[in-house]
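The same subunit A turns up in both complexes below, where it pairs with subunit B and then with subunit C.
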Partner chain A sequence: MLGSAELSFNVDHGYLEGLVRGCKAGLLTQQDYLNLVQCETLEDLKVHLQTTDYGNFLADQTNPLTVSKIDMEMRKKLCGEFEYFRNHSLEPLSTFFTYMTCGYMIDNVVLLLSGALQKKSVRDLLGRCHPLGRFSEMEAVNIAETPSDLFHAVLVETPLAPFFQDCMSENTLDELNIEVLRNKLYKSYLEAFHNFCKDHGDVTAEVMCPILEFEADRRAFIITLNSFGTELSRDAREALYPTCGRLGPEGLRLLAQAEDFEQMKRVADHYEVYKPLLEAVGDGSAGKSLEDVFYEQEVKMNVLAFSRQFHCGVFYAYTKLREQEMRNVVWIAECISQRHRTKINSYIPIL
Partner chain B sequence: MGAKSVGPLQYASRMEPQVCVCTNEAQNGLQKFRVLRSGSQIPEEVGPCEAALRRRKGLTRIPEPEPFSASPNPLNWFGILVPHSLRQAQASFQEGLQLAVDMASLQIQINWGQSQLRGLQEKLKQLGLGAA
Partner chain C sequence: MSPAMGRAQTIMKARLKGAQTGRNLLKKKSDALTLRFRQILKKIIETKMLMGEVMREAAFSLAEAKFTAGDFSTTVIQNVNKAQVKIRAKKDNVAGVTLPIFEHYHEGTDSYELTGLARGGEQLAKLKRNYAKAVELLVELASLQTSFVTLDEAIKITNRRVNAIEHVIIPRIERTLAYIIAELDEREREEFYRLKKIQEKKKILKEKTERELEKRKIAGEVTEPANLLAEEKDEDLLFE
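What follows is the complex of A and B.
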C-alpha cells in the first residue's frame, strides 16, 4: 500500500523508532572529538568518555587500559542496544534485523574457517567472533572440509542457507577459495537484502535501496583495487561483484577489465556519484585512501536516513554510525597509545 | 574486508622467515651484514645462519636440499584480497630492510674508525707526555 507508512508504522514499531532516535542523539559530537584528540593517555580518554553517553562503561576494566579493551566494551554496548531492539521487534522489522546480522555471520564463518586452516583453537576463534553474528552452529564450522559439507552439515538451518547457491562448486577450502566464498556469500546476501527492501516498498525502500546500492558499488571498487597484482583472474573477479548497484552490468564489465587505479578512475568518471569520490583519493600515504572516501560517503547517507520518519532504515543507519564512531575512537586511542599523533585528526566526523 | 578483517588470528604461531641476516668477515677483519633470502643459496654460504661469526674457507659445504622451491608470500595468510594499505606496508618494509642492514654495516665501520681514532689520540698524548 503506497503512502500508508504514516498510518501503520507506529502501531508496531513506533516505540523502537523513538528509542533509536534517542540513542542516535547520544552519538559523539564534534566537541567530544576535539576533547578526545587532546588526551595524552588512555586514562584521559576514559575520563572524557565518562561525560558522554558511554558513561562508566570502562569502570570494571582492570589496569592497564588497552585499545582492544576499549573496542570490546564499546562493541558490547552496541550489541546490548541492538539485541534490545531486536527482541522487541515485530515483523517485518524482525526480518530486517535478521538481514542485518547476516553480514556479521558471514564474517564469523570465514574467520572460523581461516582459523581452522591455521590450526587455531576453536575457543580463541569464538572469542574473536563478532557478537552480532553469533549463531548456535558456530562451533561446528571448523570441521567442514568443502563448501558443500559446510552447507549441508552446519549452515542449512541458519539464515545464511539461501546464499549458498553459487558457492558449491569449489572443492577445498584453502586461502583463495575462502576469500572467494566470503565474497560470493556477501554478494548473494546483499542482493537478497536489496530485494527485501524493494518489496517492502514505502519509505523503507526509498531510504534503504540507495544505501544498499552504494554498498554494492563500493564492494565492487574495493574488490577491484585489492585484486591488482593477485592471482584472481578477471572473470573470477567479475563473479564477485554484487549486481544490485548503480554500476549496472556495463559498469561492472568495465570495472572487471581495469588493471590499475587510473583505469578504475576512468570507469567511475561515467557516474556522477562516484566521479568526485575517486578524484578525492590522494596518492600514497598522504591524503585519503579509497576506503576513507567511501566511509565518508556512507556516513553522509546514514545521517540523511534520519531525516525521514516511519521506516526501518533508521536502525540500519544507527548501527552503521555507531560502528563508524567506534572506528574513530579506536583510531584516536591507537594514535594516543602509540604516541604517533600526526594523523590523529584523520577520523571521520559524523555530526 | 577492510582493516577489521586483518588480525593476529590469521597467522600461525610458528613462522619461517623469508629473509635472514647473516654476517661474514671481510678482509680487514670487520664484520659485514648481508640480507639473504631463504630459498636462494650462494655457493660459498650454507643458507640461513645465526649471527655467529663464520670464517670463509676455500672449501664449500654442500647446501641441504630445500623441501620447497618458492616460499609462500606471507601476505596470503590474510586472504587473497588484502587491504591496499597492507600491501603498501609490505613493500615499504622490504625496501627498508636492505637500508637497515647497510646501516648496521656502516655503524660497525664507524665504531671501528672511532676506536682507531681514540687509540691514536691516546698514543699521541703518551708521546707528548714522554717528550715533555
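What follows is the complex of A and C.
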C-alpha cells in the first residue's frame, strides 16, 4: 500500500501533525542553552525562559523560586499540550497515544501498589502520580488488600491488563519484588507497542520500529549493567529483557551471561550499531556514562523522526524531546542553585 | 579546757588539710575535662567542615541521579520499611564524667537494591554511597556535640566547686583555726598571769605571818615547844 500514507494521513491527522511540528520548532536551541548556562541565579533563568516558547509560565509562582517549581510548571505545560493532541485525535492515532501513556501508567500503578501494600493513604499518592499516566480507576486502588485483589478488581479495566497477564503466568503478583514487576510490565508493554506499530505499517512502522528496538536494547544493556552485584539471578535478568530489539534471542542470551562491563562490551561488538556507543563510554566520573551515551542516541533518533512526514512517530518523538529538554533545564537549574557549576555542561544538546 | 581546745585545733588542722587536698583533686579533674573539651572542640570544627563538603557532594549526586533516573523520590518514600543504619549508645568515661558515644551499625539488606534497574542505577548507587557517608558523619557529629554539651556542664560545676573551696571554705577554716590558736594563747597567758598573781599573794601572806611570829617571840609569849631531840636534862628524871 505504497503511497497510502500520503493520501490518507492528512485527512484525519494533518492538523495535529502541523501543530506538533510547530511545537517542535519551539524547543530550546543551542543558543538558548548557552544563555541558560551563563545564568547566576534562578531568577535569571526565569527571565531567559521568558524569551523562549515557555513564555511567562513561571509568572504566578511566588518567591522563592525553586527547582521543583520549575520542574512542575514545565511538566504542566507538556501535559497540557499532550492532552490537547490526544483529545483531538482520531483512530488509529488515539490508540497510539494510549500506548504512549502506558509507560507512565505502569509507573503510577507500581507506585499505588506499593502504597496500598503498606496501607498508606492513597490520596497523597494520587497527587504524586505522573499526570500523563492517569487512568480512571486510580482512586479505587485503596480498596484492595493484596496485589492479586488489586488486579482482579481494578486493573482489569485498564489498558495494562494484558501486560499483567504476561507477568502473572509464572508466579502470583504477591511474591514479585516491586521493581521486578515494574520491569516485567514495561517489557510486555514495549513488545505490544512494537507489534502495534509494525501492524500499522507504512511510514509509522519505518520510523517507530527502529526507535522502539533501540529502546528495548537500551533497556537490556542498562538492566544488565545495573544488576551486576545485586541479588538478581541470570534467569530473572533474562526474563526482564524486551525481545523486540535488534539484540534478538542470541544477543540477549549472551547478555544474560555477562558478569561485568567488558563482557557486555564484547556482546555489543557483534552489533555494529551498538559498538561505537559502548566504546564511547568513559570510565569513572570523568567520561560519559552509558546512560548519557544512550540518551544522546535516543535524542538523535527522535530528531530524525521529524525528517519524514505522514506518520504518528512525530508525536512520540516530540514528547520524548520535550522530556529531555525538561531534564536539561532542571539539571542546569540544579547546578545553578547548588553553585556546583563544574558539570553544568553535561546536559544533552538537542538541536 | 585546754585539752578540748587542743583537740579542736587538731580537728581544724585536719579539715584544712582535707579541704586543700580536695581543692587540688578537683582542679586536676577540671584540667582533665578542659583538655578533653578542647580536643572535642577541634574535632567538631573539622567534622563540620567536612560535613559541609560531603552534604554538598551528596546533594549534587542527587541532582545527577534525578537527571538520569527521573523522579524516584516517591518510589523511595513508599518503600520505606525498617531502618538499615541503626545507632547504639555507648558510654565513655573522662575523669569521672560519663559521655555518650554513638556508634552506627548496619542491619538488614538493602531494600533499594533493584531501584533504578532500568534507568540510572549507577547514579543511584553513587547517591546511596554519598548519603551513607553523610549519615556516618552526622552520627559522629552528634556524639561529639552531646559530649561537648555534657562536658561543658561538668566543667562549669567542677570550676564552681573549686572556686567555692578556694575562696570560701578554706578561708573560713583558716579563720577558725587562727581564732582557736589565738584563744589558746590568750588562755595560756591568763593562766600564767593567774599563777603569777597567786604566787605573789602567797609570798605576801608568808612574810606577814613571819613578822607576827617574830613579834610574839620577842614579847615572850610564845616559847619554843619542847624539842625532844635536843639533849637537855630533864629535872623529872631521877636516875640519869
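To be clear about the criterion, the second predicted complex is superposed on the first by the 327 of 351 C-alpha atoms of A that agree within 3 Å, B and C clash if a C-alpha of one lies under 4 Å from a C-alpha of the other, contacts with A are read in each partner's own complex, and residues count from 1 in each chain.
To be clear about the criterion, contacts are C-beta pairs under 8 Å (C-beta built on N, C-alpha and C of every residue); 3 or more make two chains touch, one makes a residue touch a chain.
The structure presented is a predicted model; accordingly, all values stated were derived computationally and were not measured.
J.: Just to be sure I read the superposition right, which of the two partners does A:242 touch: subunit B = first, subunit C = second, or both, or neither?
T.: So A:242 meets neither subunit B nor subunit C here.
J.: Taking the superposition on A as described, I'd like to know which of subunit B and subunit C A:313 touches: first, second, both or neither.
T.: After superposing on A, A:313 lies clear of both subunit B and subunit C.
J.: Tell me the contact category for A:114 with respect to subunit B and subunit C: first, second, both or neither.
T.: In the superposition, A:114 contacts both subunit B and subunit C.
J.: Looking at A:251, would you say it contacts subunit B, subunit C, both, or neither? Reply first, second, both or neither.
T.: neither
J.: Is A:125 contacted by the first partner subunit B, the second partner subunit C, both or neither?
T.: A:125 contacts both subunit B and subunit C.
J.: Looking at the overlay, what does A:340 touch: subunit B (first), subunit C (second), both, or neither?
T.: second
J.: Need the overlap of the two footprints on subunit A, from subunit B and from subunit C, as residue ranges.
T.: After superposing on chain A, subunit A residues 111, 114-115, 118, 120, 125, 128, 178-180, 182-183, 219, 222-223, 225-227, 230-232, 289-291 contact both subunit B and subunit C.
J.: If we count contacts the way the header does, which residues on subunit B are in touch with subunit A in the complex?
T.: Of all residues in subunit B, those touching subunit A are 1-3, 5, 7, 9-12, 76-77, 79-85, 87-88.
J.: Can you check the complex and tell me which residues of subunit A touch subunit C?
T.: Its residues touching subunit C are 110-111, 114-115, 118, 120, 125, 128, 177-180, 182-183, 186, 219, 222-223, 225-227, 230-232, 240, 289-292, 295, 327, 330-331, 334-335, 338, 340, 343.
J.: Give every residue of subunit C touching subunit A within the complex, in rising order.
T.: Spelled out, the residues of subunit C in touch with subunit A are 56, 59-60, 63-64, 66-68, 70, 74-75, 78-79, 81, 109, 113-123.
J.: Please give the residue numbers of subunit A that touch subunit B in the complex, ascending.
T.: 107, 111, 114-115, 118-120, 124-125, 128, 175-176, 178-180, 182-183, 219, 222-223, 225-227, 229-232, 284-285, 289-291
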